[in-house]
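Next come two complexes built around subunit A: one with subunit B, the other with subunit C.
Now for the complex of A and B:
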């Protein structure tokens, strides 16, 4: 793997993890009794930016390197299911996350203008689902990395 | 909530519903019907890039259409919940499909 591909992989992981951290921070602030909505909105939009950056950098690594150099090694190794289930699920579930993050950010923005308990509950659950999907994707990435060795 | 914020939230929620369902449909049907996956590969150079780009395009077009020509009668709360449910269904369907695929049941 050349240094640029390595950089793209590292960037994909770091931006993804920071994206999860940002939406988690937004969620923790949102569930307070008096949420600081500017901070919640700013943090949620940061997660959108981080998820899309993770998407672009991950796309480069996945399309240019993974399919030709990593996938065959995993399929020929002791843990082919790491690709057959975890990678296949991860690469597709990942695509859903940025869209959900946009709904979370706009929901937070809307709450900043006019708070209702119903919308706050819906946006909180949307953020929580974004966090859970992000954690699932990150954990799958760790497992897949382990299967290569 | 201003009318513009309400409309934009509804537009992105509906766009999310359509985009996440598109990803699930292209993924599951593409695995079972080779011509679809081949079309994605040939058109976008990689099937995953095809799903990514088509979902972004659908999200963008739907957001613009609903924002500019949509009506303001639908509850934002319902739309956000619907986006959440659609995402759960999409992610769940794909995970179940790949589990069944791993077990050679599909």
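Now for the complex of A and C:
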């Protein structure tokens, strides 16, 4: 793996991790009894930026390197299901995450202007789903990385 | 200092802040609730402790993922499939979930405190004993029993020192 591909892989992980951290922070603020909506909205938009950046850097790594150099090693190794199930699931679930983050950010923005309990509940569930999918994708990434031997 | 040493240092600082924060939060909580009300000064101290704990949690997560990246790049990734490692990850997940449930008032305060306190110490102990191999059911069993024991201790302390606390 050349240094640019390595950089893209590291950036993919770090931006994804910070994206989950940002939406988690937004969620923890939103579920307070008096949420600071500007902070929630700002944090949710940060997660959108971080998830998209993770998407772009990850795309480079997966298109240029993973398919040709990593996937055959995993499929020939002891844990082929790491690719067959977790990679296949991860790449589809990951498509949803930035858009869920956009919905969360727009919802948080709307709540800042007009707070309703229904919208607050819907936005908090959307954020929670984004966090859980983010954790699932991260856990899948660990299993896939561990299968490369 | 190489990447491994830097990440180890970050991981230790994160654990120290997390375990220290969790310990001090329990001490301050009992102290603050002794007279039945939490003063503004006590609130500030509690908030500071929570912020320290959050910084510790963040450092722990960042350095943990740093180790994963380093393991992947250097191909020292056998431990990615270790049950002990996944148990530690699950405990970190429990810390985060417990914090959210406490914030939502869906977790009774003393149970939440017991889970947070035990989980931080469990993460510390599993980190220290990472080279020892214990059966997974034993680790999970000790962890669950410890939560119950810590709950009983905290409940006794709260009954003795914070009789005004709403249950």
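Observations on the structure shown:
Keep in mind that, in the parts below, the second predicted complex is superposed on the first by the 149 of 149 C-alpha atoms of A that agree within 3 Å, B and C clash if a C-alpha of one lies under 4 Å from a C-alpha of the other, contacts with A are read in each partner's own complex, and residues count from 1 in each chain.
Here is the rule we use: a residue touches a chain if its C-beta (ideal position, glycine included) is under 8 Å from a C-beta of that chain, and two chains touch if they have at least 3 such contacts.
This one's a predicted model, so the numbers in the text were calculated from it and none came from an experiment.
Using the contact criterion defined above for the overlaid structures, shared-chain residue A:146 touches subunit C, although it does not reach subunit B. Of the two partner chains placed by superposition, only subunit C is touched by A:6; subunit B is not. Once the two complexes are laid over each other on the shared chain, residue contacts for A:69 go to neither subunit B nor subunit C.
Of the two partner chains, subunit C is the only one that A:14 touches; subunit B does not reach it.
In the superposed pair of complexes, A:122 makes contact with subunit B only, with no contact to subunit C. Comparing subunit C and subunit B on the residues of subunit A they touch gives the larger count to B. Looking at the shared chain after the overlay, A:135 reaches subunit C, while subunit B stays out of its contact range. In the superposed model, A:31 lies in contact with subunit C only, and not with subunit B. Within subunit A, not a single residue is touched by subunit B in the first complex and by subunit C in the second. Residues of subunit C that touch subunit A in their complex: 58, 61-62, 65, 68-69, 71-73, 75, 77-78, 80-81, 89, 93, 96, 99-100, 103-104.
By the touch criterion stated above, subunit B contacts subunit A in their complex at residues 1-2, 5-6, 8-9, 12-13, 15-16, 19-20, 23-24, 27, 45-46, 48-49, 51-52, 55, 59, 76-77, 80-81, 83-84, 87-88, 90-91, 94-95, 98-99, 101-102.
Against subunit B, the residues of subunit A that register as touching in their complex are 55, 59, 62-63, 67, 81, 84-85, 88-89, 91-93, 95-96, 99-100, 102-103, 106-107, 109-110, 113-114, 116, 118-119, 122-123, 125-126, 129, 133.
If you check the complex, the residues on subunit A that touch subunit C are 1, 6, 9-10, 13-14, 17, 21, 24, 27-28, 31-32, 79, 135, 138-139, 142-143, 145-146, 148-149.
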